[in-house]
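There are two complexes below, and they share chain A, which is joined by chain B in the first and by chain C in the second.
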Partner chain A sequence: MMANSTTSSDAARLVTPTMLVLWLVLATVPLWITRIGLYPYLGIEILIWSLYALAFNLVLGTAGLPSFGHGAYFGIGAYAFGLCQFDIVANLWVCLAAAAVVAGIAGALVALFISHRRGIYYAFMTIAFGQIFWTLAIKSHSVTGGEDGLLKISRLPADFGLVSFDLTDNVAFYYFVLAVFAVGTAILWRLVHSPYGRVVAAIRQSEVRAAHLGYNVWLYKASVFTLSAALSGFSGGLFAMAQLAAFPDVMSLHQSGYVVMMTLVGGGLVSFWGPVIGVFLFLTARDVIGALTNAWMLYFGLLFMAIVLFRPEGIAGALSAAVQQHSINALRRRGTSAMRLLVGGGR
Partner chain B sequence: MSMIEAAGVHVRFGDRVVLESVDLAVGEGEFHGVMGPNGAGKTTFFNVLTGRVKPSRGSIRLGGEDVTGLSPHRIAAKGIARSFQIMTLFDEFSARDNVMMGLPAFRARGLDIARAAAGDRRLTDQATETLSGVGLADKGDIRAKDLSYGDRRALEIAVALAQAPRVLCLDEPTSGLGSDGVQRLAALVARLKGKLTIVAIEHDMEFLFSLADRISVIHWGQVVARGTPHELQQNEWVRRSNLGKFA
Partner chain C sequence: MFDLLPHLLNGLTLGLLFALIALGFMLIVGLMEQINLAHGSLFALGAYVAMQLTGPRPPLPADLAKLWLALPLGWRYAATLVIAPVIVGLIGMLIEFCMRRTYGKDPLYGLLLTFGAAMVIEELIRLVWGTRDYVLQVPSAINGGFLFGDLIWSSYRFYAAGIAAGIIALVWVLIEKTSFGATVKAGAHDSEIVRALGINLSRLRLLVFVFGTMLAAIAGIIVAPIWGIRPHMGVDAVIPAFLVIVLGGVGSFWGAVVAGLLVGLCVGLAGAYASEWSLLSMYILLVAVVTFRARGLWGKKSVLEV
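== the complex of A and B ==
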């Protein structure tokens, strides 16, 4: 599905025109976001959650594996980032790497147990492991701070040797996260359109056929889950920087459900960019509708239900269908005009 | 030496014995048909050959090498390809991409995350050539799910052929095809015959008797008759059974 929503020339590129436009638009956000009554921190959240949702969509959209406990890896990354800066070294790059590695290891351990499963059993196993990690985070008070969370996490400076950038200001941090988001989207795009990504997408369509073509299905399922967990953990590290703390609530089942909802509403099953659309909608709705009523989730839930019922391919799918229909209509109009000309010429 | 050799294959699911001491030896380049009534154990036998089911007893040798109990992906990598009775394609991929997935050169790049999958001229040409071989040259860009039933059957075989297999296992390849489709398929198999070792489960006796070098009849999980089509026509069991009317 995903491959079909992408032109083959785009699939071969590392950076596509859509990516460039998106990055440029996002680069202007700090210039106008306060003028429309919002704030730069929302932009930071959107970028971090977008990266997280894109990483999650490797499992859900590309591999077709229903993982409903992914918040665990996002949370583990956040804790790993904080603990690294408190107990090992206060270096941004080392701590972000630690966030990805620790979450990746946790993901690999889970993948060992679940990768021979599929469907509902796979989904339940991911929930069960997610709950285990969440409980561990709450109960290990001496390490994680329990329900109070791990507080006083610093936004470490981005040190490039010769120059160092202070990230304490939200706008500076926004641009840092944007740079990471840009690199992350390019890497994920390439990954999804690489031979590896194609095999994973093939496994989504038929595990049996893929196995009989010589692909080790277990290895691909386990590795894509591990990669997704590592990237989710990396996003979690960024989130810990954004929040200046790491809390267990992002690991809970209902918060894990948010990323599923964002991805499905946006159209992650049919489009690479679906999760980004979903995150944008979700977090903007939370702030805009949430400013009017506490029941903002009711309205978003209704939107979710409407999309599942009437547009299961999500907003990206609906947009893509609308563009295709527009092109068909344009061709028809041109055809009709040409026919009139021909008929007219005949006269 | 046989290209593929099954010796004393025994499969049981719980209390139920599905295959009992099945022996089969198929020579290189031979087209070996497998026939028998529904529920006889033919597909289970195929599943043992291709690694989907591990036998309780017995062995499978491919070109003299013991491949008993290996997983499907290992057996596929060693050179046994199969098609499925219920079509199993990558429906969202184009016909060309389906075939490309089967190419050994693509499989070797399967863990590559650094390069783009699209744009490799060599792989595209190989896939197009394989599609040409089954009469789908002009349908490479069509998604598998949008192809006609007959074309999907042909694509099933093309995907298996793309693997450059030593043994091609066809599970009821004519299933659901009209007479034109069966004729096209028969012509394709006739072209492959001799170049490839083929084992085919088939209910279309006309198809099987006109193409197979030898045929094994499986019933109640056992091989009850075996021989050339001519020999089977003389076989008492086959003559008495419902299968005999086709022979």
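== the complex of A and C ==
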């Protein structure tokens, strides 16, 4: 499915033209975002959630595993970032690594239990573990601060040995997150199009077939879940920096549901970039419609229902279908009868 | 041992309520192989509609409202037990009309569609009734408490548990002992053959779905006086419902009932010793069971697994 929207030459690249254009456009955002009535913090949020949704889509889109408790790993990463900063060492790189590692361990632990399961049982086991982590976060007041959250997390400076950048300003932090996002997307792109990613996609199509071809399905399912959890935790660490705090709210079932919604609305099932489109739409709609009416979730819910019903492949799917249709139409206009036959329009 | 008895009884009544909450969900999963995530929101909607109907300001024209309010509370409550589920059933009908398009596709789409519906209903509830808590009035005959062995027991809990047991029995008769149940089950198993036999399957599915949503509303009305009415009650209900089904095994009626009782006992007993963590206990129970039994207690093979 992934290959539908990608030409084979792009799949082999480290950095694709789309990626480059996206990064460049994103790099200009702080220059104009305040002029259209929005603010740089929204850009930060969109980038962090995009990274999170891309990590999540590794499980949902690439592996086809319905995980509905992914907020847990995002939240664990945020807490790990804060606690590392308070109790171990206040170094940005160590704390971000801690966020990824702790969330990865939690993900690996869950993967041990769920990787033999499929479908509804898989889905519900992920919900159950998500709820377990969420309850733990709320009830362990002494560690996580309970419902009040872990406050006073600071944006540590990005220290590169020779130079060190202060990230307390939102624009500076935006560029830091953009750099991380760029590296993250490049790595994820390579991962999805690597032999490993191909096997995972094969498991999505048929677990039985992949197993008969000699692949250790359990190991692939467990490892992709762990990877996704670690990267979600990493994004969670960034989010803790953005918010200057870590709250249990992102771990709740609702928030876990939102990331599923964003991924699907954008078209994560058919396109690598789907989750990014979905996050952009969701967070912008939240701010723009949310400023007009309190009931913006009502409208977004209706939009989501409409997309599931009429465009289940999401916005990215609809776009690529439109592009395809356009090129077919162009072929028809100037095509020979043989070409018409080829595209099925010759009748 | 005697110290434990109240907790056991409490857990059992709670278990029957969990089974009742899961019943409509189970019907739709078992007979249609569709997951209705809007179940919790419909459950909440049932409670809100009932509260509005039995409360001091029913949504009726002034003259009718006067007549309605003149009736004793017992009558109004009994009528509400019928009217509120019918109203919620109409909403269920709307959802089914949308859901039709997803039949035959990956069950994930039905699940996502109903997740969207749940969001919409929850937001509508917030718009209409706000975020404050409400209380559902019940007739004095089933309210209050009684003394037994030095302890005060709430009458309503026993009434609720009794109703739950009765409805569970009725539903069992309907799906296991009537031709309606047999046809619907056959339709879930092999829709082509059932259609070829001249049965209007889409009408049958509509009926099942509406019936499932009405059961959600009834559960909401029965549980509301115990849990209170607030926007979050939908989520509080749909997770245990889902959990009970997965624990009992998809497609097993008695599995769901036993799972409901187990979850109730588990939450009740955990509540006695570590009330902070009582809700966590049901997830641990689920993980423990599903780790060793892939399809829950008595689950059957289902399309929802792939």
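Assume the second predicted complex is superposed on the first by the 335 of 347 C-alpha atoms of A that agree within 3 Å, B and C clash if a C-alpha of one lies under 4 Å from a C-alpha of the other, contacts with A are read in each partner's own complex, and residues count from 1 in each chain.
What we mean here is this: contacts are C-beta pairs under 8 Å (C-beta built on N, C-alpha and C of every residue); 3 or more make two chains touch, one makes a residue touch a chain.
The shown structure was predicted, so the numbers you read here are calculated from the model rather than taken from an experiment.
Student: Both complexes share chain A, so when I overlay them there, do chain B and chain C fit or clash?
Tutor: Aligned on chain A, chain B and chain C fit with no clash.
Student: Where does A:135 make contact in the superposed view: on chain B (first), on chain C (second), on both, or on neither?
Tutor: A:135 sits against chain C, while chain B stays out of touch.
Student: Is A:124 contacted by the first partner chain B, the second partner chain C, both or neither?
Tutor: Second partner only.
Student: Quick one: is A:254 in contact with chain B, with chain C, with both, or with neither? Answer first, second, both or neither.
Tutor: second
Student: Would you please give the vertex angle at the Cα centre of chain A, with arms pointing to the Cα centres of chain B and chain C, as a multiple of 10°?
Tutor: Seen from the centre of chain A, the opening angle is 80 degrees.
Student: Could you look at A:35 and tell me whether it touches chain B, chain C, both or neither (first, second, both, neither)?
Tutor: neither
Student: How far apart, in Å, are the nearest Cα atoms of chain B and chain C after the overlay?
Tutor: After superposing on chain A, chain B and chain C come no closer than 13 Å at C-alpha.
Student: For chain A, what residues appear in both contact lists, the one with chain B and the one with chain C?
Tutor: none
Student: With touch defined as at the start, can you tell me which chain A residues reach chain C in the complex?
Tutor: 66, 113, 116-121, 123-125, 127-129, 131-132, 135-136, 139, 253-254, 257, 260-261, 264, 294-295, 297-298, 300-302, 304-305, 308-309, 312
Student: What residues on chain A touch chain B, complex-wise?
Tutor: Those residues of chain A that touch chain B are 1, 3-4, 8-9, 11-14, 190-191, 193-199, 201-202, 205-206, 208-217, 220, 223.
Student: Give the list of chain B residues in touch with chain A in this complex.
Tutor: 50, 52, 71-73, 76-77, 81-82, 84, 88-93, 97, 101-102, 104, 106-107, 109-119, 143, 159, 163
Student: Which part of chain C faces chain A closely enough to touch in the complex?
Tutor: 35, 98, 101-102, 105, 107-109, 111-113, 115-117, 119-120, 122-124, 126-127, 235, 239, 242-243, 246, 250, 276-277, 279-280, 283-284, 286-287, 290-291, 294-296, 302, 304-306
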